[in-house]
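In order of appearance the chains are A, B, C and D, and numbering begins at 1 in each one.
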Amino acid sequence: MSEAILAVVILLPILGGVLIPLLPFKNRTQMMVYTEGLVLIDSVLAITMLFQQPQGSFVLFRFTSNLTLSFHLDGMGTVFAAIVSVLWPLCVLYAFEYMEHEKHEKIFFMFYVITFGVTLGIALAEDVVTMYCFYEMLTLVTLPLIMHTLTREAVLASRTYLYYSLGGAAFAFIGVIFILIYGTTPNFTPGGVLDLAAVGDRVNILLLIYVLCFMGFSVKAAMWPFSSWLPQAGVAPTPVTALLHAVAVVKAGAFAVMRVTYYSFGPDFVRGTWAQNVVMALAIFTIVYGCSRAVKETHIKRRLAWSTVSNLSYILFGAAIMTPLGLVGALSHMVAHAIMKICSFLCAGAVICKTGREYVHQLDGFGRKMPKVFAAFTVAGLALMGVPGLCGFISKWQLVRAAVDSQNPLAYAGVAALMISALLTAIYMLTIVVRAFFPRKDFDYDTIRDVKDPGWKMLLPFAIFVIAIVVIGLHSRPLIQGLESIAAQLP
Amino acid sequence: MDAWILLPVILPVLAGVILLLSLAFDKKKNGGGQPDREPGAEELHSLHGYVAAVLAVSAALALAAALSGEHSVTLFELLKGIPVYFHVDDISRLFAIVISIVWLVVAFYSFVYMKHEGKEQRFYGFYLIVYGVLMALSFAGNLVTMYLFYEIMTLTSMPLVLHNGSREAIMAALKYLFYSMCGAYLGLFGIFFLYKYCDTLTFTAGGTLNPGLAQGNVTILLIAVFGMLVGFGAKAGMLPLHAWLPAAHPVAPSPASAVLSGVIAKAGVLAIIRVVFYVVGPDFLRGTWVQTAWMTLTLLTVFMGSMMAFREPVFKKRLAYSTVSQVSYILFGLSVLSPVGMTGALLHVVFHMVIKCALFLTAGIFIFQCGETRVEQFRGIGKQMPKTLWCYTFASLALIGIPPTSGFVSKWYLAQGALEAGVGVFGIVGPAVLLVSALLTAGYLLPITTSGFFPGGIVKHVKAEEKQDSNLEPSLEMLIPLAILAALAVLLGLFPNPLINFASRIAASVM
Amino acid sequence: MNFANLASNYEEAVAMLLFVIGFSNLLLQKNLIRKIIGLNIMDTAVYLFLALKGYIAGRKAPIVVDGVQSVKAYVNPIPSGLVLTGIVVSVSVSALMLALTIRLYRRYHTLDLDEITTRLKKEGL
Amino acid sequence: MEFVQNFPFFSILLSLFSGPLCSVIGGKAARRINLVVITVVGAMSASVLHFTIRSGEAYVYLMGHFPAPWGNEIRVGVLEALMALFFCVVMFLSMVGGSLERALEIEAEKENLYYVMVNLLLSSLLALIYTNDLFTAYVFVEINTISACGLIMIRQNGRTIEAATRYMIMSLLGSGLLLLGICFLYDMTGHLLMSNIKEQVQILHATGDYHISLLVTVSLMSVGIAIKSALYPFHAWLPDAYGYSTLSSAAILSSLVSKGYIFLLVKIFYRVIGFDIVRDSKIVNILFAFGVVGMIMGSVSAIKEGNIRRMIAYSSVAQIGYIYMGFGIGTTAGVIASLYHILSHAATKSLLFVAASGITDASGESTSFFDLTGAGYRNKLAGVAFTVGSLSMVGFPMFSGFISKLLFAQAAVDSAYYKMLPALIALAVSTILNAVYFMKTVIRIYTPADREEIQRRGFRNVTMADQKAKSAALVCFIILNMALGLCSEPVVRLLSEGLQMFA
């Protein structure tokens, strides 16, 4: 029965979240304690489970005899589940301080907590149908979070998000169907499940479907040409942008892409075909495109969002290399980017929340006034650039190692794109840092007299993330070994 | 344990960080008021004492580390099979020693100079950190370690450029940053491929490229190496990524320009030496299109730099273009891939470091004492500050390469190396370009001397009138460092043999 | 196409011709009354066709007055039954259509359906 | 012969005769009778379904005592009983859900006439489902048309009369073609009973005689029914008819009437012609093409529409396209998917219509898209129901639409190349388009409106207590929808068993 915990960690936040607006909390503190407690308990449960590694699978529900909602923990799921269960409690903590002045807090936290469960559902899904279901559900439960402020932009943004996500899912759905029909099993199996005998002469069709499926799932990972929803969604409160649009939602897209690539269609099936070239070219283009847009953007959160677009395509690029090393690269960037981006987003959020300034040119001299926030931001920025010694370098190294190893000329181009992107990252991150720490000489600090560092609820996550960035950057061995052992399962 | 060789790295970095942090805490105490209040004289004294002490101790340690034989330290594994690894070899030695001396000398000069720029504490904080990073860069024992400190050096030296906080300074700093980053990433691009096709990334004289692995992947490898040359060449001001130099130098404080031009530009050279002679191996490049392209680029840079300097009226910008041109002398010496050429290049590294620092210090004195930046304003300046101008003249002669100054020695070797290397038409074109460039160098440096001493009439300087004093000679604290550097520029040319032997030993070891 | 066949089955051909005439009237006429007439022509054409199918040359209607003769003496009665049913249907449908037409005419004083639609759009309903 | 076997016949008769009965009694009584009739018929269908499942085979019921080929027959199997039951359920809920609107929109003295029409409609639907005689089918098609027309025009305004007229004209065109097709078949085979015709058609097909005539016949009938069931591009009458008639009518029309015709088409394909012959005749390819185009174009029209009722109506065009696409795939899997979609769409579309009316109730009866802003807060249940309906339409897991999408896609994957890709891509594109207009509306109703605006316009909050009947209907619809989405397997099994029995 120990497998039941797989379902418990998913359902606990979903059900507990639904209760938030229903329970009669006397004051905000009670609600905070309940919410944080719920998330914390669940993430502790999840992490315990990750250490125990239950081997079996748990069937929650059967649509039909072969269509089930079932959960199983494997290596890749462990990585994703670990990321979200570590980040969620911290971001909830941060959200308490951030959301202090926003309306409809209870609704917000309800969906925020539910999303936790749904994301875990994606991570722990045993088969492609379960993943698809939770993937769709994720769209739905995150929608109110984007709409939260209910301004015109928020509504427009949420609409765009919805169209893109559902549209992507619609195309991904085709892929899911093909896996169901041409696969030996819907379950994720390292190396893929395609029954090549059944495929017969339909290889090209199947490759086309793979491309559709890849593109469909990568809508959530904001791959060009489906990337414009992400910067728009930046109107959401920062805890949402930080956690969902830097980690949970977008990584869910990348995760799904990796799942179908490495565990359903199988890398061997696609490697070396036109399909690989198509998806890789798209990822490479997005890497550069996202960065260029980020450089042009002056709104902080949107700039970071474009940066996310580019960085997610790093992951997709890793997935598109379709070698075990590529998987290692993609997964390591998934981990690294989660920490770096969430850290930088939280900093941006702290600035917006505490001072109401949203544009880069308004940040002159902030480094002096919010030293802790901007120190964290600088570290995150340097990590994003890939400065050695920080986690961004590690993941980039893994990605490029895979690309160089694959001996695919397009992958070489991808390496070049990564370098261009790193340069552009330097431009869009460091301009902020330089502005904040080194304002013009005639800058009048009186204009930002009231600016100061936020409280401990916000600072604690920063500290943890910065430490994580550095620790992973300096001592990446255990992480990489873990990821390599996952990749080693691929045939 | 040889871990003590890291002390010259850690000590200044720590000391610098403490300076910066205390700056931040100082702010807090002031209750967020005007953060940049002027420090009192006493505070300044103790600051100078602190910086001087830290630098002196670190430089002593660095010299000790450099002179006491082979050392190596492995810290921890950054990536699988790639530790952060330091190793002191001859190249490290050469760079560490010269950098330490120059850094120390310039520091003394800056104690006075920085009074007029302000924000000393911040400046010295970064100044110390950059020194530590440069030591680490010199001692780095593998490519990734070197890359690590190369990036950090870029980041930490940037505040030196934007020091005065004007719009141009910030823009120039960003330009510097992005050009360097662009170069660094081109370098990183190459590192990835070298990691795949080399036995190890640890520096080994003569290269570690695995011919078996490289077989069939020569094209991509050549592209990667070329990328690295161009990339690391950015720091060294090589075409096409040279544009940051003329932007960054004029706006930086003069001590900063001096070390940027004299030392940090050489970090690019160091990186290229490491890549070409210690990882890829010169044999792999010899005769390929990469070598041809490299030589073409360097010669173009040499010529273009001199031309631009010749046309430039702003003194520090002129010196900056001169750096562009001169550093490419070094790169040209390397690009011919012959022992003699490399010897010349290494000699020129040392000489140019000394000379260019001297020149920039002179420029600093002109600015400090007269507030003048344009060449035509320097007419008659020899009357007010003859000692300074004499120092300038010696340094200039050395840079042009008039025997028996140091520049002559290095250029001789460079030209000889080009002729001997068997690089076809470049064997002729190279020395010719060097010669033309030397003439141009004379053309842009010497007029200052001539018009300084012989203005052809009486020229009054505004500053001199203010001071009611026709003697604008700077204080000894500024003059002595300049004099030391100028003297070195000449003396190294008179007694070059130990250095030549040392350089040719290095060159012989890699080829 | 075998025109000889067509000629020998000229009754069916006529029925089809009528059907097409009725169909196109129903579809294309603007005037509602004409549409209804078209509908009736169309239905009638089908009845003609059915009646033709039921009729077998030289036989009598299956009305038994003098004891049952051989089955072969009578025409097929079922089509006649179908025609009757069809007529009932078409009458009721025509009646409904006419009722609708009257309603529309009372409201809009025109029999042109498109014009009514345009007017409705103007009303903004 | 068990007693329960009489039920289909009884249910047709019951609803048929309760129609005239309603014409002579008052509105209220008529309403009660109507609900009772639907309930009784539903119960009878359920017991028939139970019986057929247990017996495991279809049976033939003679009307009067003439055996085939002379008499008129009813043929009952699992599929028929299931459809009948389902139609009753949806009709019952639609009637309950729309009771408030009926009271407002129908002149009191004519209310009983409305129930005449509903009862007749039910009887004609049942007859279409059960009958085994082609000409009987035609007659009931016409009855269906007339009563549907009545349902549309009972709400007396210019639009509905115009819509009714258009509906009549299109329907008559369609039934004319259908009638002609039936006459041709009769001409060729000499039979009117489906089973007998099929035997003859098989023989004709085997000998190759009348090849062209057969093709023409099948085309005539298919096109006729396609026109009647509003397959794109024959849909011009539909938005007005659904958009302006009273709520119950719209719900019934969209979810049942067109489905009755489609069921007749399935019957013709399987029981009259034989599906193999239909497939070989390539007529399915034409249906497929029109279906795919309809899927897209219907949604495109819906996106452009600013009136929520008409938008839902246009969505029906798209959904009809799905169903024809399923037929067009030309495999049993495709037909099962289509049949499932008939159920799923019936449950969803009437849910949407009822929910939309709940939403408009809270927006001052305005159907204009912009007035709906924030309506989801003013009428919570309707908001939730509309969201459920929309998600189902978009094919969200857990709801019925997901299963039909799944079935369609699976059917498509197993089909020929040239159908697989268009079908799959059309499915995906259509999903996106559905998302565009349905989710746009969902977001709109959950975007809070200006408080002043609400007060100025006098929008009121609607609670469940205000509209008990509608709320109950909505809840039942939601449950029905989710039941179809979550426990689809037994339904699909019944459909496939039924289809086997059917032929």
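By definition in this document, contacts are C-beta pairs under 8 Å (C-beta built on N, C-alpha and C of every residue); 3 or more make two chains touch, one makes a residue touch a chain.
From a predicted model like this one, the values you see are computed outputs, not experimental measurements.
Centrality annotation: A (chain centre taken as mean Cα position, compared with the mean over all protein Cα atoms).
Averaging C-alpha coordinates per chain and comparing to subunit A, the farthest chain turns out to be C. Between the CA-based centres of subunit B and subunit D the separation comes to 83 Å, rounded to the whole angstrom.
Look at where the CA atoms of subunit A average out and do the same for subunit C: the two points lie 67 Å apart. Note on chain placement: the centre of subunit B and the centre of subunit C lie 102 Å apart, centres being C-alpha means.
Each chain gets one centre point, the mean of its Cα atoms, and the points for subunit C and subunit D are 28 Å apart.
Shared interface positions of subunit C, i.e. residues touching 2 or more other chains, are not present. Chain contacts in this assembly form an open path, with each chain touching only its neighbours along a single line.
Inter-chain contacts occur between A-B, A-D, C-D. The touching residues of subunit D, when paired with subunit A in their complex, are 391, 394-398, 403, 405-406, 409-410, 412-414, 417, 420-421, 424-425, 427-429, 431-432, 435-436, 439-440, 443, 446-448, 486, 488-489, 492. Against subunit C, in their complex, subunit D makes its touches with residues 135, 138-139, 142, 145-146, 149, 153, 157-159, 161-162, 164-166, 168-169, 172-173, 176-177, 179-180, 183, 186-187, 192, 244.
Taken together, the subunit C residues at the contact with subunit D in this complex read 19, 22-23, 26-27, 32, 35, 39, 42-43, 46, 49-50, 53, 78-79, 82, 85-86, 89, 92-93, 96-97, 100-101, 103-104, 107-108, 113, 116-117, 120, 123, 125. Contacts from subunit A toward subunit D in the complex involve residues 61-65, 67, 132-133, 136-137, 140, 143-144, 147, 150, 155, 158-159, 162-163, 166-167, 169-171, 173-174, 177-178, 180-182, 202, 205, 208-209, 212, 216.
Of all the residues in subunit B, the ones that touch subunit A in their complex are 24, 27, 32-35, 76-80, 144, 147-148, 151-152, 155, 158-159, 162, 164-167, 170, 173-174, 177-178, 181-182, 185-186, 188-189, 192-193, 195-196, 217, 220.
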